[in-house]
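Worksheet for the structure shown next.
Here the chain labels run A, B, C and D in written order, and each chain numbers its own residues starting at 1.
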Amino acid sequence: MSPAVTRALGLYAALVVLIIGVGVGMGIPYTTRMLVEAAAYALIALGLNIQWGYGGLFNFGIMGFLMVGGACVTFISYPINQKFWNSDGPMLLGRALIAAIIGFLLILAARNAHRIGIKGGWKTTLIVIAWAISYVVFRSQIDPATAYIEAQAGFVGGLGLPVVVGWAFGGLVVAGIAWVVGRICLGLRTDYLAIATIGISEIIRALIKNMQWLTRGTLTVSPIRWPVPLPEDYQAKGMDTFSALIYARGGYFLVAGAIVAAVMVLLIRAYGGPWGRMMRAIRDNYIAAGSMGKNVTARQLEVFVLGSILIGIGGGILVSFAQIFDPGSYQPINHTFLIWVMIIVGGAGNNWGALFGAVFIYVVWLLSEPLAQLLFGSISDWSSHVGWGAIPDIESRSLQMRVFVLGLVISIALRYAPRGLIPEVAQTSR
Amino acid sequence: MDQLIFFINKVLVAGTVLGSIYALGAIGVTLIFGILRFAHFAHGDMMTMGGFIAFVLAALCAAAGISGPVPTGFIVLPVAMALTAIIALGLDKAFYAPLRKRGAKPVTLLIASIGVTLMIQGLIRLFFGVSTRSFFETEPKKILRFDMSWLGGSRPITFTQPELLMVIVTIVICYALHLFLSRSRLGKAMRAMSDNADLAQVSGINTALVVRVTWIIAGALACCAGTMLALDVSLTPDLAFNIVLPIFAAAIVGGLGQAYGAIAGGFLIGFAETLAVFDWSVLLRPFQQWLPFEITGTISLVPTEYKLTVAFVILVIVLLARPTGIFKGAAT
Amino acid sequence: MNLIELENVVGGYGGAPILNGVNIAIEPSDIGVIVGPNGAGKSTSLKAIFGLLKVTSGTIRFNGTAIENALPDKLVPLGLSFVPQEKNVFTSMTCEENLEMGAFTRRDNFADTLAMVYDMFPPVKEKRYQKAGELSGGQRQMVAMGRALMSNPKLLLLDEPSAGLSPRYVIEIFETVVRINKAGVGILMVEQNARQALAFASKGFVLANGQNRFTGTGAELIADPEVAKSFLGG
Amino acid sequence: MRRLLATAGTGRADRIRQDRDGDSLDAVIDVRNVSKRFGGLTAVSNCSLKVARGSVTGLIGPNGAGKSTLFNIVAGNIVPDSGQISFDGEDVTGLKPHELFSRGLARTFQIAHEFSNMTAIENLMVVAADQPGESLLTTWFRPMLVASRDAEVRKKASDVIDFLKLGHVKNELAGNLSGGQKKLLELGRTMMVDAKAVLLDEVAAGVNRTLLQDLAANIERMNRELGYTFFVIEHDMDLIGRLCDPVIVMAQGEVIAEGSMEQIRANPAIVEAYFGTPVEAA
């Protein structure tokens, strides 16, 4: 076995030992909860690994895609809100949709104005006017519709379909958004793409937070169903709370774990085969790859969309597990940069590296909270013992320790293991 | 006439203040990009750190009983700017210079700046907790009112003293920067290196010195912008993290690497944001009879909660239409 | 004593060496011209002198002191100055600012040198407050050479100064080079217009495949039929 | 799929030779009145030339004559301001490099553009045309088809490796190869597809003497045995003399002469273009 493989196995063994340690220290229910969330983050990390590791595309908008994934699973799996369907809400929304389509066609016509002889400056002004008109028309339809829905039915409610359909739908919608974003922004240089994707993520956050009629925004939506029996269902069958928690969360982990395993198999086969070879060539030298017959822009778009699908599904799994969709709880640190740390520490471009980074960093991220409290508690005791008095509000301060630790981990990783703990190994052909 | 005063208060004053904060932030970003060719994401948090340093110094002054006609925030500003500049130099030496020495690509430096962002945010929250603080806990925020009755206006033009000082400070800094870049030896060397780094080296310019000066200016201006933002709104740990986007938008719109572009970009984005969320119904009411539609409630281009997206929409339009920005900075 | 002396210098950009033992030596008052087919290592030799690439073996001595692999900001104060072939002006800065950048290493008052450069390049004086990027190819070349003269060099290195210029400007640039040399500045120049450059060269070096092929005065090399043929091989 | 060294290949080369001797010169690449300006500088002005099928056509000229610009226009990396380019009879002006590649136009680069983090054999395999394994769906749903095609591509790649005598560095990372080996690898990439024409951009640059003979021998074998058409930019006049007939000379963005190497060397105007025009009475 090559040294790289033995090193990877050693790291994974250490990870298992760490998880067992957490199990002993913090109890099984806590650990199973951690594993489920770690599996969701693993999926998200694999998605980012496809975009950055395979394709060298700088996606800083992970938070936005996560929120869309979460909103979609809420919309699909939440029970049907009869008040909405019985009101004229659907009809109003229909008209708003038609207005949007008309506006879109208007813009499309303006963009092809050069066919009827309108060129250059005139054409751009025509496009701007088309955008303005369609925006005003759409706003004239959507504002009354949303006001009516919020007044009458609170919000659109869900479709009551199975949760797994919600995850898939989330992946699909995110793929659509990623396709549009990719078409616009993929020509940009890496650091411009980073800024553009952050911007898109902020727009998505603002939209979801304020579209009360669809997502109830800051009023949050709960409870959201699980794909597997809930702890309460087991308790109903007479199981004590402790084992009910383990069974329920264990069931959820099996589903999430199965998805991660399936995705790993597909990715390893794809990245190991001709497709992976082509993507590595494009990332290595896109000019040469272009001259060797690879349609670079199409391939980069493919990679961007594929990665976004996994991120969307991961977002859905997280929201379903938490059983609450709260747009306000999404922070760039926890939902964008944390995943970047996972990839950098794990090893960009290597599926096993990304998986390892995701689980390892998530365990560290979760553990840092109790550990920090422990640390601050002892310092505070020591300082009050010495007479300086306890450190004020340890509770919130120790939480912030994690943010500092995260930054420290990135800085150290870039200095001493820039290619990650399980770096991408050149595929020496068998 | 009242409508005009309303417009001045709500758009002219607010836009100028916001524009000056974005401009000072964008200058730092564009200088770092011009010299070191990477987008410095930690710039927002350097501003927040500067704001907190000024806050601590102001608290010390208040404790020592020092006060003056001007809010203490402004008195301690020069010292705070110097301290932040030193910290900026330290950050470069600790986190960015080692990577540059090993020939790291600009993208790696960008990721390193994320690490720095998180560390600064962690430290700020560690030392100052998460609560919101204000410079004006001890001293009142003077409001200046200009009576406009001689022009028939029933309402005065109002703006706060810090806002006035902010605009003055920004003008002074921009002029000082202009003199530095156009007259001084080091300033020209910075422009030269930003224009053509290889030729600068061949001309014998000491590139290490230019890099140090860049960090000093970027750090000082970041502190100034952060303090002013804190004086204008209030001091919270993620104070500047939310305006990283508008600052980058301003730098890119102005043309990356062009200091004058950053100033123009900052004010453009500042005014665009204020105009987008401005309530036009007040202005339109007198012309109600000529208007086809009937004015009910507020009419604003963009609902206030989408204010942040305005900067981004402008950024995307500029990136697609004219990636080199107004002043022909680095292209995509 | 030689102003500059390269002794079987070997070096390159890290891959296979491009210079395979180059020997060049000129006196303080010389105009040295390096010519040869493309890819012969002409420009590489200049860059080797100015510390822009790695010299793996051999020595470079300037006024007797060894300077191989020294960095430009150490060489300019010593009295060396270099005009690259491309991108040799700060396009966003005015002509005067370009010249001032040349004097960055000088602590003394350089007003007299500035005056000297202005009367050597009248068009540059006319457009001193105009951005260098807005000038024509020939005028840009003057700004580039003026910038290099601002550090009062003893030796001026020029990389294909006539490249891309119309014939009229080529003659003008070469006349300027002679004037600069008469003002006491040693010249080491790489040129494509081999015959025209050799016509006024006191020392000529023909390189091929990173090695010396012919050496002599400019006039000797022009007269030698072998030299002209070496450009077309065979 | 054509076996690399099978007789079928040689058959093609003989048939081509008759065309050349025949009257109608069948041009694979036909450039008509192409011009390109960068800012004030005219890099290529109203340039026209033809590359005959089965020939090894050389393109020479002093620095700044516009050779590389013309080359990049033919290869699709630069779009010309005016003029027309047709490839194998089809107008391809303005097409992107990957579209030209799928029509049979391969190219090498002046500075070797190898995929440095991939092994030598992978550098070849990635180039092979119509690989079902490059589509995700086929990779996942029809693994057998992908595996068999990949095996064929690997076989062809190792044949090319042996043809270029690079067997000893087959699994070495391309980034670690020597300058000359990288050049050979780039040449090898063009052999992975049935290219109708191969553009060679300064193939001898940075290659030592002995390896150069090897390179030239390979190009000759590819032309004679496999019928490849070459369009070569080169400064090394010995290599041009040995390989190319005809040779086209460019200066100041225009074609100033065409003919065999002997005719070119005998033409005083061209020697002057290279050595520099004498100073007119100033």
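Couple of notes before you dig in:
By our rule, a contact is a pair of C-beta atoms (placed from the backbone, for glycine too) under 8 Å apart; a residue touches a chain by one contact, two chains touch by 3 or more.
Keep in mind that this is a model prediction, so the values were computed, not measured.
Taking the mean of C-alpha positions as each chain's centre, the chain lying farthest from the centre of chain B is D. Looking at A-B alongside B-C, one finds more C-beta pairs in contact between the chains of A-B. Rounded to a whole number, the gap between the C-alpha centres of chain A and chain B is 30 angstrom.
Chain centres here are Cα averages; for chain B and chain D they lie 53 Å apart.
Centroids built from CA atoms put chain C at 45 Å from chain B. In terms of their C-alpha centroids, the spacing between chain A and chain C amounts to 57 Å. Residue positions of chain D with contacts to 2 or more other chains are absent.
The set of chain A residues touching two or more other chains is empty. Taken chain by chain, the contacts form a single closed ring in which each chain touches exactly two others.
Every pair of chains meeting the contact definition is listed here: A-B, A-D, B-C, C-D. Looking at the complex, you find that chain B touches chain C at residues 185, 188-189, 191-192, 195-196, 198-207, 328. Listing the residues of chain C that touch chain B in their complex gives 50, 52, 71-73, 75-77, 82, 84, 87-93, 97, 100-102, 104-105, 147, 151.
Remark: chain B residues 38-39, 41, 95, 98-99, 104, 106-108, 110-112, 114-123, 125-126, 129-130, 237, 241, 244-245, 248-249, 252, 303, 305-306, 308-309, 311-313, 315-316, 319-320, 323, 332 touch chain A in the complex. Contact residues on chain D toward chain C in their complex (touch as defined above): 40-41, 62-64, 178-180, 202, 205-209, 235-238, 240-241, 261, 264-265, 270-272, 274-280, 282.
Against chain B, in their complex, chain A makes its touches with residues 58, 184-185, 187-192, 194-196, 198-200, 202-203, 206-207, 209-210, 332-333, 337, 340, 344, 392-393, 396-397, 400-411, 414-415, 418.
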